[in-house]
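For reference, the structure is listed below as C-alpha cells.
We just call them A, B, C and D in the order they show up, numbering each chain from 1.
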Amino acid sequence: MSVDLSIKIGSMVMKNPVTVASGTFGYGPEYADLVDLNRLGAITVKGIGPEETLGNPTPRTFETRGGMLNAIGLPGPGAKGFIDKYLPFLSQYDVPVIVNIWGKSMEDYGKVVEMLDGEDTVSAYEINLSCPNVKEGGSAFGTDTDSFSRVIELVRGKTQKPIIPKLAPNVSDIGAFAKAAENCGADAISIMNSYPAMAINIDTLEPELANRTGGLSGPPIKPIAIKLVWDAFRATTLPIIGMGGIYEPEDAIEFMIAGATAVAVGTANFTDPSTAVRVIDGVERYLVAKGYDATSDLVGTVKA
Amino acid sequence: MSVDLSIKIGSMVMKNPVTVASGTFGYGPEYADLVDLNRLGAITVKGIGPEETLGNPTPRTFETRGGMLNAIGLPGPGAKGFIDKYLPFLSQYDVPVIVNIWGKSMEDYGKVVEMLDGEDTVSAYEINLSCPNVKEGGSAFGTDTDSFSRVIELVRGKTQKPIIPKLAPNVSDIGAFAKAAENCGADAISIMNSYPAMAINIDTLEPELANRTGGLSGPPIKPIAIKLVWDAFRATTLPIIGMGGIYEPEDAIEFMIAGATAVAVGTANFTDPSTAVRVIDGVERYLVAKGYDATSDLVGTVKA
Amino acid sequence: MKQEKSIVVEHHNFQGEYRILRLAAPEVGPLVRPGQFLHLLIPHLSDRILRRPFSIYKADTSGVSILYKPVGRGTESMIPLRPGDAVDIIGPLGNGFPVLGNNKLPVLVAGGYGNAALYLKAKESPEKGVAFFGGRTAEDILCIEEFQVLGWDVRPATDDGSLGTKGLVTAAFDPWMAEQDVESLELFVCGPNPMLKAMGDRAIENDFTAWLSMDENMACGVGACLTCVIKRKTTDGWEWARCCKDGPVFESREILWEESEPRNTQKTRKKD
Amino acid sequence: MKQEKSIVVEHHNFQGEYRILRLAAPEVGPLVRPGQFLHLLIPHLSDRILRRPFSIYKADTSGVSILYKPVGRGTESMIPLRPGDAVDIIGPLGNGFPVLGNNKLPVLVAGGYGNAALYLKAKESPEKGVAFFGGRTAEDILCIEEFQVLGWDVRPATDDGSLGTKGLVTAAFDPWMAEQDVESLELFVCGPNPMLKAMGDRAIENDFTAWLSMDENMACGVGACLTCVIKRKTTDGWEWARCCKDGPVFESREILWEESEPRNTQKTRKKD
C-alpha cells in the first residue's frame, strides 16, 4: 500500500519526484500562502546570475493558444542579493533548494557558484544553458556541445553539490548534449526550457514581446518535451528532470514513463498554484494503483 | 479597393498566397466536394516517392491538447501511380500543383523528379527534407546542411521547375539552412514541417503512435513557426512558404508579416475544410482595409 | 458529401448512457445512404482540434440523427448542446452498406452504437430477417422495438443475461446459424472489432457474405490524411484501405486482421 | 491571499456593457482591503491558460463582487456563468490603497472599471470628498449613485458631453483644482494609463499626493513571474516593481513613465 516516492539526484534527496520549474515560482515566498512548500520534492528558484540584473523591457509575456510566451530575460537580485533576501526564508523549510544559475559569459557561471556554494540551504545547481531570452550566453551555450561542455566542466570544478545542466530544446540531437553532460560530470539533466518562439500583433506589426522573441511554454510543448526526454533517456544514464506543459498528474507520469526521474511543474503554477501538490498526490495514487514499490520502478518503462 | 493577391515562386504564379500543406489535403480529389479547388493559390499534394509505399503501421495519428501528432510515414502511390491516378484529375483545375517529394536515399529524390518532370500539370516541387516519421532520409537530410545541400543540388540538376526545400524545424540555426537552400539554387523554402514529438499511454505504457514518435502540428506550433520564418527571412532573399497552425486569416497574416510570401493551411483542413478559402478572403479583406496594393507589400513588415 | 452548419433540433437521453442528437441539416439529410456517417465538429471544444465521427442513425430530407455515448472529452462536451445551437457537420461520409443480394436472408448483428448504424439498413431492406444485438446489460441494447416495428426478429444477448441469451452475441447467433441454410445468409455487422472479427470468421468458414462496418480512429474523415487505414487483402498480399473513404463497410473476406486479438476501438469507459 | 473555489451567486448586466459578478467566497471575502484585486481562472476557457485580474468592487465576509466588461476571449467566456457555477479565484492580491492622510481632502478619479476599484475606498474613507469619473459616454460612467449615497460629490466628465463636463476627466478636475488648497488634496486614481499619468503629473506639479492604481498585464498575479513590472524610481535611477505584488497602487512620484505616450492597457474594443 505504501510506495517510496523519494528519489536522489546526486547527493540530493527529494521526498517526492516533483519540483517547480525555474522562473515560474519566484524564489519561494511568492507562493508560500497558497502552496505548502514542505510538500514539494524541491524548490527550484528563478535564475540567479552573479550580479543584480534588470532583465528585459515590457511586455514580457504573451498568452498564445493553449500556452504562453515569455521573455522575462533573467532579472534578479544576483547571487549576493539572493543570499540576503531569500535564503533565510528558504532555510525555514525542509525542502531542498535547487538554484537555477546563468551567466553572460562562461566565467559568470563559475562566479555565481563560488558565491553560493558556502550556503547550506543551496542543495543543487540547475545550470541554465538554454534561456531563449538573453542575447549573450544562455541559448548559445546550449546549442553547441563544445561550449556546453566547457560550462559544465567549469561548474563541476567549483562545487561538490549536484549540478543539473538544463538543455536547450531547439537542437537536432538532444542525445549528444545528454551524453556531453554525463561526460563532464553532471549529476542529472533538465529537459526542457521554453521553446524559442514569436508572436506578432497584426494591427501594429510589432512583436507582442518587447524582446521580439520569447520562449513558448505550457501544454503546447508537452509532446515535444516527452520526445526529448525519451531521446535523452536512451543516450545517458543520468537522471532526467522532465518538464514542459505538466498540468495534471497524468502528464507527470507520462514524463516518468518516457524516462524522467523527476519532473517540474512550470507554467501550470500560474494557472493553478495547487498543481504541484495535485501532481504529487496523483503520482502516488497511480504508483499505488499499479502496484509499484517506488517511483524509480516507473522511470523509462515505455514499451518502445 | 482592389488588391493584387498574386505572388510568384520562381516561374510559378499563384493567384493568391494560400496553398494547402502536404499530407493534409490528399492528392486533390478528397476535398473537391467541400472546397472549390480553383480558389486555392496552389494545391500541394501528399509526399510522393519514387515507388509505391505503405507507410507506417497504425495508429498513425493522435490528438493532443490543442493539436495532433502524426506518423503517417509517407505511404503513397509513387510517382508513376500519382501520374496515372491523380494528375488527370488535377489537370482539370486552373491551379498550380506543387508536388511534395521525398526519398529514402539521395538518388530517390532525383528519380522522382525525373519521373514527374515531363508532366505539365506539375508546377513545382516541394522537397521534403524534414519528415519526422521515416527512418531513412527525411529528417536526417534536413538537420545536416551538407546532405541538405546535396539533395537540393541534385534536384536542381534535374528540373527547371521551381524547387522548394521544406526545412526541418528541429535545428538550432534555421538561417543556415535557408542560406544553403539559396546557395544551391532553390526558388523558395517551406517552413515548417511538423515537430518531432511523442505521447505515451500511461495505462498501457505504450506510445500512442505505432511509429512511437510523430510530428506535432496545429495551433501549438504556430509561435515556433513564426519565429523560424522570421529567422529565415533575415537569412535569405528566397520567398518563404510559411505554415504551422494556421487556422484563421489572422494567423496567415502574422506569418506574412514575419516574412512569409505564401502560406499553407495544414491540420486546419481536418478541423474545417473551408479554412483555406476563409484565409484567402480574410487576407484580402485585411490588405484592402490596410490600404496595401499587393500581398508583397505586407511580407516581412514586422517592426523588429 | 457536404459541409453544413446544422442546427440542433432535439437532444436528450435515449437509453442508459446513450443520447440522441437530432440535427436540422437539409443539405446533408437527403444524401444519406444506410451505413454512412457524419464527421462532427464539437462546438466549444477549443483545446481539441479533430472532428468526431458518428454513424447516421436516421435521416430524411430535413436532417439527420445520431445516437452517442459520452465516453471522453469530446462526447462529454456535447452534452450541453441545446436546440438552436449550431453544429458543423460533414457528411454523409463513407460508402455505407450495399443492397441485399438476391434470395438472401438479411441478418443484422450489432453491438454498442452499431444498432444505430444499422437502423437505416433495417428500414431500407426489402426483406426483414433476424437481428442479433449484443450488449453488457439490457440497458446497452438500443432500439429493439424500432427494429421490431420494422418487422425484424430481434434476438438480444447480454453478458449478464439481463435480456435475451446470456453471453456474447455469438451465443445467440451460433445455435441459430446451425439451423439455417447458411449460404443464403447475408450479414450486416456493426460493433466492436472483436465482434466484427467473430462474425467475419463465421462468414468465411460457412460461406456466406458478411458486411462489416469497421471502426477506426479518424482525422480528416474524407480520405485525405491516411489515418484510418486497415489492411485489405489483395491477390498477392495486402494494401491499406481507408475506413472513412473506402469503407467503413468491407466484406469479411477483404479484411486482413492484424492482430490475433483485434484492438477494440469502441470505447466503453470514460476518461479524459 | 487564498485560493478558493468560489460560487457564482449573481451575474447580470450592470450598465452599458458592464456586468456584475458576485461570488460566494467566505475565505477571500473577509481579507479584502480597498484597491485589491482577484486573479480569476475563467471556467471552460480551455485554450487559454492564464488567469485574468479584476479589481474587487465589493467584499464582505461572505464573498466578493467584480464589475467587468467583455473585451476579449476571456471576458467574453465569462458571460455564460450562472449562479451555482464554480469559479477558482486567488485573492485578495496587491497592497491596495493606503489610508487617507491626516487633514487631507480625499479625491477619487476614475475611468473605465476604475470606478469599481475605488468603491471600497470610497466607502471606507472617513472623509467623503469629490469623485471625478470620466468615460466616453454617460453609459461608461459606473456607480454614480452609489458614490453619492456614500456622501461623495460626484463630478462626471464624458467625451461626448452626454453627462457632466464635456471632455476628459481633467476638463472637470482642472478648474476645480484651481480653486482648492491643493496641498491638502489626496488623490486615489484608477483608470487607463494616460489618465493615471495626467493625474500623477498634476500631483507632482502641485505638491499633493496621488495614489495611482496601475494596470499591467499579468501572468502569475502573486509576484513570482516578473511579467507585470513597471519602473519605480530609486535614488540613483530606477528599479522594476511588480504591479501585482508591490502594487497595483503606487504614489505618483514613484513611477517612472516609460514612454511619452503611456500605453493604454485598458482594452475598450472587442477582439479575439
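We adopt the following convention: contacts are C-beta pairs under 8 Å (C-beta built on N, C-alpha and C of every residue); 3 or more make two chains touch, one makes a residue touch a chain.
Source: prediction; values computed, not measured.
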Next on the checklist: Can you check which chain pair, B-C or C-D, has more C-beta pairs in contact?
Outcome noted: B-C
Checklist outcome for this item: Greatest Cα-centre separation from chain D belongs to chain C
Item to check | chain A-chain B separation of Cα centroids, rounded to whole Å | outcome: 34
Checklist entry - When the centre of a chain is set as the mean of its C-alpha atoms, what distance in Å lies between chain A and chain C? => result 48
Checklist entry - Hey, how far is the Cα centre of chain B from the one of chain C, in Å? => result 36
Checklist entry - Where the centres are mean C-alpha positions, what is the separation of chain C from chain D, in Å? => result 57
Checklist outcome for this item: Check: chain D positions touching at least 2 other chains come out as 47
Item to check | Junction residues of chain B, two or more chains touched | outcome: 65-67, 219, 250
Checklist entry - Where on chain B does chain C make contact in their complex? => result 23-26, 30-31, 33-34, 46, 54-55, 58-61, 63, 65-68, 70, 72, 75, 218-219, 267-274
Checklist outcome for this item: The answer for chain C against chain D in the complex is residues 44-47
Checklist entry - Across the complex, what residues on chain C touch chain B? => result 1-3, 41, 47-51, 88, 90, 216-217, 219-227, 229-230, 239-240, 245
Checklist entry - chain B touches which residues of chain A in the complex? => result 64-67, 69, 143-144, 168, 170-173, 195-200, 202, 204-207, 212-213, 216, 219-224, 226-227, 230, 245, 250, 253-254, 257-258, 286, 301-304
